[in-house]
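Each of the two complexes below includes chain A, the first together with chain B, the second together with chain C.
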Partner chain A sequence: MKIKKQLIKRDIAGDTILVPVGKTVYDSNGLFVLNEVATFIWDNLPELDTQEEIVAKILEEYEVSQEEAAKDTAEFLGKLREMQIID
Partner chain B sequence: MDRIYTLFLNILKSALQAQTYTDTDNITQEQWTQIFSLSQYHNVLPLIYQAVYNCPALSGSMALRSKVRQLVMLQTVKTTEFLQLYSKLKEADCTPLVVKGYVCRSLYPQPDLRLSTDEDMLIPQDKFEKCVQIFKEFGLDTETPAERFTTEYEIPFRKTGSPLYIELHKTLFPPDSQAYGNWNSFFTDVFDNAVMVDGIMTLNHTDHLFYLICHAFKHFIHSGFGIRQVCDIVIYANAYGAQIDWQKVFDNCKVINADVFAATLFRIGEKYLIFDKEKANYPAGWSACSQDETNMLADMLSGGVFGGSTMSRRHSSNVTLDAVVADKKGKKAGKSLKGTLFPPAEKLQSRYPYLEKKPYLLPKAWASRAMTYAKELRSSKGNSAIDSLKIAGSRVDLLKEYKIIK
Partner chain C sequence: MKKVNTEPYIATYLHSKGRRLKLPIGGNFELTARCNFDCPMCYVHLKNDDIQAQGKELTARQWIDIARQAKDMGMVFVLLTGGEPFVRKDFFEIYDAMKEMGLMISINTNGSMLSGEILRKLIENPPFRINVSLYGGCTETYKNMCGQAAFDKVIENIRAVKEAGIDIRLNVSITPYNQQDIEKIYAISQELGLHAKASSYMYPSIRVNGGQYGHGDRLSPLEAARCSVRWDKQRFTEEEFMLRAENMKNLIAVDEPDCPADLDEGVGCRAGSSSFWMTWDGRMLPCGMMPGPAAYPLEDGFESAWKTIVEKTAEIRIPPQCTACPKRPVCPVCAAVCVTETGRFDGVPSYVCQQTEATIQETWKAYQERKTEDEN
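What follows is the complex of A and B.
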């Protein structure tokens, strides 16, 4: 999935944060703090095209149910779309 | 050593190894406050916090966590912008040498925890104008008037709405400095011997280590240098030691009376931080010329990042600089403020440009300076003439102790 904004991931004192850089500095509001699953999705986002692929990737990595993985993915992608980070 | 200093150094040592510092049970709230205050003085707050944030006593410190987050985010933005600028310069075949900041930072476990106020670039004279043009196209600008571009050795550039701050150098040291202007002679062929590190053109490792030492030394002669510079130097030496011509660095240090200073700095690095002599290929002979580090360490820790912890301390630099210049001329180094209060016209020309054509107005410049200093004395804490003198006196003694002057 294409990431439309310039965001760099940084681990700062236990938090994983997406730091807006470049032009994104001027049009971003709020702080993007990622939990563990969100960080995993973020790291794999450029190589995966669909929500289903992301869910499959999560199930490979974590011992969670299909339902939980799908819920977390939908929630996170929803937030990214809301912030216009992805389409 | 003061317990706060000991704790601070122990935590910093852990931070440099990307480890958590766990011996925190007996640290009181007051001590934490002092540790973080010291960390800010030395511009290493994110490094320190990263090593201790899990400590139960700090679980409620949301303001501190937020501050560290902001500092690191800002550094991330600066680094990104810097790399974008560098890319433009490279495209235009106007590649400067990058020194200190970015080059050192990239060696830290988490680079953006090592803060830089600015980034330094060295450009050959014949590419200076083109470089300035590219800077302007990138949105960088300077308050230095264009007519002073030929006389200033470094020009600061800032970008509106961005934290990016670049110091563009034509030489690494101000050529007209009597104390260290001649150090430029060690770096005349740096462009021919430059190396590429992670896509960035920089000094070769021998030159760069020597430059880092010179930079710390320059600040020591002024009003002090901070622990962050020691961190940079030892991390750099650890990383590139096998490629460093230590004999050359030692010989160059000896020429400028920095050999004992540098040896003592490495001793501090080994005893309190992470300097690894074996990894760095550090020559045994150099260890032998180090002095007891106690006074240098105390001076460093009390002085802040560039020895600027108080105005009194900053003002003391006039005396120590004069002491070094006097020693270079074979004169006895004094501790008085006379040369500081009544400097010659050439020392004041950058601040009072009218002196260039009208040197007879020197008494007017002295009076103006005295009034400015008196205003500073009234308005700022930690700023007193008596303190400046006391600090200056003890710092001149340091210069003698570490064989910088006789």
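What follows is the complex of A and C.
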């Protein structure tokens, strides 16, 4: 999936945050904090095209149920779409 | 008064984590002591001759290098200040490099240069926030206070920045030179639709006045208290003001402090525990108002300088009279206030004691006047 906005990932003492750069500053009210699964999805996003592929990737890495992985993925992608970070 | 979120929740969270782990989450970079204004209460601005005599301004490359080392240790938030930061011809070399590192940048400026090429570049790659110091409500006051008839230009620039969608706030320093404009300044902030924060307490400018502790070109404690009540009358509704007066009378905290702080016996704010200040000539301080403790990242590296600042800041104690004072919740006392007023961190800052007492009294007086008016 193509990330449309300019965001820089930073690791600060165990937290992962996304810092808006360039014109992205205009549409975001500050920073985003990612939890572990969101960070995993974010890191793999450029290579994966569909929600199903993301869920499959999560299942390879984490011991969670299909339902849980699908729910987390849908929620996170929904937020990214809401903020127009992905299509 | 409408409540304004002064910083994103994540910033508060990261700073509190930083304070616990002693990480430099916030950095204040005083890029220059030069300024196109010449305000009497300024704690940084020097004349060109004095700058040459006192030290050397850091190069863009040095600023970028310090920022990179700070970022590697956790810095997320940066304040670029001065002097007037935009007088540096290489401002954008520094700014763009810092933005690319993934830093959230705020800029303090007098607003007079926020136009043309500078504004265009800011719109292209915007900062998180711009804080403009608004020094008066008319050209005359600007001439008296800043030595420049820049009022119209500043207002025009503020409008253009706001129009571009960049977050902008106003800071107001109330001094003998602009106190007559308090109501006008507030009205302008409302008309511009911008949040304005005012202070009538001016730190003694010890960094530029040869270390004359307790001295500054400022209002008397009573005048400062009266000005602060005049500002409060503007910004609060009648009901809010009355409640505030009652709380103040009962010594209950009424304001968010200027710097988020615990009522601690030491340095209760973020200075030297999750934030640092770099002076224009390359010294690291816990806070820009303090003359020291200082460390030297150019000579010793950022990490070592930060460690020194953290250790020395932890040793600072304010006077026990202040720690135990019942007025503490409504008093702006802090370690920087004590040292600039008295030359010692553990010296009682009598100017501030008087201003706090007068603010309580003057607020109560206004409360009673309003009560009487209502009864009649």
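Criterion: the second predicted complex is superposed on the first by the 86 of 87 C-alpha atoms of A that agree within 3 Å, B and C clash if a C-alpha of one lies under 4 Å from a C-alpha of the other, contacts with A are read in each partner's own complex, and residues count from 1 in each chain.
Note that in this section a contact is a pair of C-beta atoms (placed from the backbone, for glycine too) under 8 Å apart; a residue touches a chain by one contact, two chains touch by 3 or more.
Given the structure is predicted, the values throughout are model-derived calculations rather than measurements.
Asks: For A:23, using the defined touch cut-off, is the partner it touches chain B, chain C, both, or neither? Pick first, second, both or neither.
Replies: In the superposed model, A:23 contacts chain C only, not chain B.
Asks: If we overlay the two complexes on their shared chain A, which of chain B and chain C does A:10 touch? Say first, second, both or neither.
Replies: After superposing on A, A:10 lies in contact with both chain B and chain C.
Asks: Which residues would you name on chain A as touching chain B in one complex and chain C in the other?
Replies: On chain A, the residues that contact chain B in one structure and chain C in the other are 8, 10, 12-13, 15, 17, 19, 21-22, 25-26, 31.
Asks: Please give the residue numbers of chain A that touch chain B in the complex, ascending.
Replies: Its residues touching chain B are 6, 8, 10-15, 17, 19-22, 25-26, 31.
Asks: Flag every residue of chain B that touches chain A in the complex, lowest number first.
Replies: 46, 49-50, 53-54, 65, 68-69, 72-73, 76-77, 80-81, 84, 110, 112-113, 161-162
Asks: Using the touch definition from the top, list the residues of chain A that touch chain C in their complex.
Replies: Residue list for chain A touching chain C: 8-10, 12-13, 15, 17, 19, 21-23, 25-26, 29-31, 33.
Asks: Would you tell me which residues of chain C are touching chain A in their complex?
Replies: The touching residues are 8, 10-11, 13-14, 17-18, 21, 23, 25, 74, 76, 99-104, 124-128, 165-166.
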